[in-house]
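Look for subunit A in each of the two complexes below; its partner is subunit B in the first and subunit C in the second.
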Partner chain A sequence: MADQDGPRRVAPKTAFFNDPKIRSIIYQLIVMGIIVAFVVAVAKNTAANLAAQNKTTGFDFFVQPSGFDIFFTLIPYDRTSYYWEAFVVGLLNTLLVSVIGVFFATILGFIIGVARLSSNWIIAKLAMIYVEMMRNIPLLLQLFFWYTAVLKTMPNVKGSFVWFESIVLNNRGLYLPKPVPDDRFIWVVGAITIALIGTFTLKYWARKRLEKTGQRFPVFWSSVGLIIGLPAIVWLLSGTNLTFDIPTRQGFNYKGGVGLPPEFMALLLGLVLYTAAFIAEIVRSGIVSVDKGQTEAAQSLGLKDGDRLRLVIIPQAMRVIVPPLTSQFLNLTKNSSLAAAIGYPDLVSVFMQTTLNQTGRAVEVVFITMSVYLTLSLLTSAYMNWYNSRVAMVER
Partner chain B sequence: MAKNNTIYVREEIIAEKPAPNLSKGIVGWLRENLFSSVLNSILTVIGVAFLIWVVPILYGFLIGNAVWPGEGVTKADCQAPGAGACWAYIEDRMSFFIYGFFPQDAYWATQEGFFASIMAYWRVNAVFLVGILLIVPLMWPDLPYKGINAILFFAVYPVFVYFMLTGGVFGLEEVPTVKWGGLTVTLIIGLVGIVVSLPLGIILALGRQSKMPIIKSICIMFIEVWRAVPLISVLFMASVMLPLFMPVGMSVDKLLRALIGVSLFSSAYMAEVVRGGLQALPKGQFEAAASLGLNYWKSMFFIILPQALKHVIPGIVNSFIALFKDTSLVAIVGIFDLLKTVLVANLNLDWASKNQAITGYLFAAMVFWVFCYGMSRYSLMMERRLDTGHRDK
Partner chain C sequence: MKNKIVTVALSATFGLMASTAMAGTLEDVVAKGYIQCGVTTGVPGFALPDENNNWAGLDVDYCRALSAAIFNDPDKVRYTPLNSTERFAALSSGEVDVLSRVTTWTMSRDTQLGFNFVGVMFYDGQGFMVRKEDGISSASELSGASVCIQTGTTTELNAADYFAANGFEYNPIVFVERDEVLKAYEDGRCDVFTTDASGLAANRSKFADPSAHVILDDIISKEPLGPVVRQGDDTWFNIARWTYFALLNAEELGVTSANVDEMLGSDNPAIKRLLGVEGDFGSPMGLNKDWAYQIIKAVGNYGEIYERHVGPNTPLGLERGLNALWTQGGIQYGPPIR
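Moving on, here comes the complex of A and B:
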């Protein structure tokens, strides 16, 4: 071996600047130096600019009265409220439209994704046309289109569309009946909670039993019975009386119920229809990615059609679908910032536009807004990493 | 051997019988694709009903009842009850949609005819023409001289565009960027985004794969921060913060601010695409490059990147599509791109009518759609071409 070749040769001495380790340290120091110099220069310039414009800095504006109104808020807010309250209003509005948007976009996306793979020629082509149209047109343009189409073409208050005498649609928005629970309704909520816990326990027990004895338990139907039946019984027994606050016309406008302004509707519509096209493509590629051999293998094991889908195909498709799906959810949340263009008061519109213009605290406001989105993004990627590690394929 | 006279052995193969009438031709196709089951038939009926409902409405609005440009067509025609899309309005404002406020050439503006209308904006049109002449051979897979072509497009062409549009040299009239507008600006932002984000994205991706901890963490931070925030907040930041970052008294051109924002934003996305390609390469390629004695940059440029980039061409084109769609966001910070010119023109009273705004949006949507769909088709084609069969199919 090496010993028999005589004395081991010492590696020729290299100049220190050719040593990869030292080189790497030097490179990194140079890059670090450039970046530090850049940051210092920027900070200096910013300070000088702010001083030249006689602008103060700091986060004290948070506890000053904002002095502007927001027409759509989830918490009590008026022009005497503080800036931090305006911030919370914007954040909640962003989260509201994102959560509802994610819900509907997922449903629509799955339907269209499956439709694209349909053996029915017309349905598959219609789904394809939808996808190719939606994802090749900028979202902002679609928002403007929906806003104009929704706002301009709706009738005025006098000629409102009214369905079931409780749902009202006009050019000031969509009005839905609002459920008003009484005191005893808390029992029904409790029953729903118990039913949910019971379902999970049942599922766990049934699986253990299946593994032990091979006997099956109809988990799905018993869960449905539990979740619907238990609250229904409690509802009847407690004698609770759920009333609805129905929107009614008073003078020149509708009052009561839940009022959703057209800005919200347009933003939601645009986000849902746009994101659904991307989700549809993700779902399609997920389903296609499951090899045909898996279906055949499941069939040769004697699994029924439903079990084959539930136990073999869907789990493998989900592994491909979920990671890009989460990033679409994040995209939808980020895209909701386009609200600024059509006047829906989301975080960017309330905080980065109005607050920034009023207070002039550009650095602080930009920093906070970006931190919010960064946090949302980090939370999403943390979830995605957790999910990936859970479902990752165990390779041989 | 004597001829076997057994009568039941056939000596020739029976000719194939034609397929049953129900499983061939149009009938067979219909049965297989539209009426293969009860559910399928129901879906077909629903789909056909939907088409019968929608197609006449769309046809009427877009073509049948639409107001087409012509002699003496005015807004009164578009205001008529039952009138569809007001295409005459688009035709009337076309030069605004394409060139914005770019000044016309003094001589040709006074001339009549189609040629004169092209020559009135000859500077912008020259930019378009040279762009097409460079980009078509670059994208055409079979044509040679890709290297020179790429250098011309990525390095020389932007300089040409800059001098051609800003002017001030070679006797060209100087045009400030606030006068640029329309499709020109949309394409410029897209072009600059592509030209900057591709190399910057490659460098960031390499930095993220680097073994040097400081460089790696800087690249990760840069990429993750840009990817986490919405582009609109980046544009707001660029428009309010960049002036603050500059030395006192120095101002940054408004268009330049947006260009910087868009370019940095899209290079973070590009970096992730390129990283996918780097990770897909087997480790043996890196080791083979090292064993040839190539240093880091040589092994990257001659061995690793050509393979990695080839893998991710569809991904790169997809992020170009996203970038191109995102250029429309600069309208919010007040830059006259295609969308902004449409928004402004929609307020114009010369064509005030019910469908004016919708027609404007439809026009902008069609322009964006043609570009984006074209790019995505191209990426599909490249994907098929470059699939050199390493995977067993």
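Moving on, here comes the complex of A and C:
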């Protein structure tokens, strides 16, 4: 029994360079060294070449006045603003169209995806035609199509469509009245916040109660009541005065209100319709991946239709849906860089086209632009991975 | 897999290194047998493929003149169409040997981008085009207008300056390609199309109904357009610059493509020097003695080029104006060849 305490088997003595562990470490160090040396060489070479071309380099242009104007900005900006402000304008415009695009593409994608599984023959076929058409035509062509369609079908400024004397639509964009609340509106904002917190608390409480007593509470309708009702009451009580800034025609164009240029609408339309086709397929695959037995098991447990979807089918489908959905969100954000082709001032248009040209700092500007898209994509991925870890099936 | 990475790495490294050795443009051009010339993607009168699919225009003829001076043959040129955002990168990376592409000479481009401007092939200024039906007669009526502009141009900056100086509001709608700018203007997205006045005339000639559009008289900027070469290669810069001056001197001395052979027997010493009959001004630049003769024989003098592509008898119909010789009220002036 004594030999059980000692080493059971002594590895035969080998030279250290024959030890697979040490070998693999050495190989990895060599590969790492080559990569680092390569990156350093490229960086040095680039700097040397730029100097040899007598080019001015560096990032100091960021604090120079830009000298150009941008027609669609979320922050105040004019020709005396700095290049870094132009960068922010472009970044915000990219984020704006991406976030709104992701929102609508997800909704439309889910609807179409479910429609493809519909037992109604016409609905299923229409959804199929939609998916096949949208995802098989290059996005750039679709953008040109929508942009031309928007411009060609809309009337000019003189012949604008005007509804309720406040909503204006023409080939310069869609103009909506802009609500201008007074100072007391802060109370309404407070009420909305409280209503949202209340809704979450209510949902939590209702679940606890369901688990404890088996009794249901109509969470949805009471939440709707809370979110709409509470702010409405506060509004009336506080006597907040809400006026509207209505678009009016001045000279060439309409002014005032909220103006959405046709470039924005065409880009959003193109991105949403294109990405929704891919999301629809992902949703369909997710739902189909859930075994039919799950539906039958849920039915035999006596779950209602809605509960069956919400508690049994969708949680299992989400495991399949979320990872590819993430890459669609990333695609949409990256595809928004095609905006430059139809004149929407996104990051690529403002920064990588105009700024690059006016400053001539090609390497710096392209590097920053790539870093921005990389950062946006990594952030989206990180969030979706976190969400995925929540919906992923817990193996027991 | 590893082999692939190494190949890519090596080719990328050597690709970058190769561009360091760029000083001897003339040697490179002679060795490869042609000039790579960067031109516009299509502006009538300046650079546009004709019905036989040959590039033609004022900018193109400059490259042909350069080719005649070097190769005794105006057709040893290959053209690279570039939009306004690609042009400078193409020149500095060595993709083109000369950029002859309605490019405005500005201080920052000359001093920060590592370029030298050869001269001014065309003195221009920025103007506005509007639709006739809008009934606008002056730029002072443009407040609040939507303006279609090509990105990365001095046009974009001049428009910002002009509207700010006059306290006007405006919406700049910016596109990468000239064709997209024009299409947006034609589709009614913009009230105004703005670029250099020559460009306005050139593009109007392409519209379905040119008479439906008016070019306003107001000129809001100075736009000296000329060929550009890389800084740091003085031999190439000299050749580029004196090719341009030879065109001007030939017009001033009355030497044309038609009479250049007669002129070889001229008694005028200035003409003799120009055509290489007296003295040798070519070899110090690395060219032949008759370099200017070859230029004039092949493409004519500056006046001939102007009349052929943008003058009053062309669809553009541009008067000489500032582009007349200094002896005729303009400011085109070639330093003497001696």
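Everything that follows uses one rule, which is that the second predicted complex is superposed on the first by the 353 of 396 C-alpha atoms of A that agree within 3 Å, B and C clash if a C-alpha of one lies under 4 Å from a C-alpha of the other, contacts with A are read in each partner's own complex, and residues count from 1 in each chain.
Operating definition for what follows: contacts are C-beta pairs under 8 Å (C-beta built on N, C-alpha and C of every residue); 3 or more make two chains touch, one makes a residue touch a chain.
Remember, predicted model here, so these are calculated numbers, not experimental data.
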TODO: In the overlay, answer first, second, both or neither for which of subunit B and subunit C A:Ala362 touches.
DONE: both
Open item on the list: One more residue to check, A:Phe71. First (subunit B), second (subunit C), both or neither?
Closed with: second
TODO: Give one of first, second, both or neither to describe whether A:Met32 is in contact with subunit B, with subunit C, with both, or with none.
DONE: first
Open item on the list: Under the stated touch criterion, which partner chain does A:Thr46 make contact with: subunit B (first), subunit C (second), both, or neither?
Closed with: both
Open item on the list: Is A:Ser389 touching anything from subunit B or subunit C once the two structures are fitted on A? First, second, both or neither.
Closed with: neither
Open item on the list: In the overlaid three-chain picture, which partner chain does A:Asn171 touch, first (subunit B) or second (subunit C), both, or neither?
Closed with: second
- [ ] Would you sort A:Gln353 into first (subunit B), second (subunit C), both or neither based on which partner it touches?
- [x] both
Open item on the list: Identify the residues of subunit A that lie in both the subunit B contact region and the subunit C contact region.
Closed with: 42, 45-46, 48-49, 52, 148, 152, 340-341, 353, 356, 362
Task: subunit B residues touching subunit A - in the complex, by the definition given at the top - done: 33-34, 36, 40, 43-44, 47-48, 50-51, 211-215, 218, 224-225, 227-233, 236-237, 240-241, 243-248, 321, 325-326, 328-329, 331-332, 339, 343, 357-358, 361, 364-365, 368-369, 372-373, 376
Task: Residues of subunit A defined as touching subunit B within the complex - done: 24, 27-28, 31-32, 35, 42, 45-46, 48-50, 52, 118-123, 126, 132-133, 135-142, 144-145, 148-149, 152, 334-335, 337-338, 340-341, 348, 352-353, 356, 362-363, 366, 369-370, 373-374, 376-378
Task: Touch list for subunit A against partner subunit C, complex - done: 34, 38, 41-42, 45-46, 48-49, 52-56, 67-71, 78-80, 148, 151-152, 156, 171-172, 250-253, 255, 261-263, 340-343, 345, 349, 353-354, 356-360, 362
Task: Residues of subunit C touching subunit A in the complex - done: 9, 12-13, 16-17, 19-20, 22, 84-85, 88-89, 92, 108-109, 111-114, 143-146, 151-153, 156-157, 159-161, 163-164, 170-176, 180, 184, 187-189, 191, 230-232
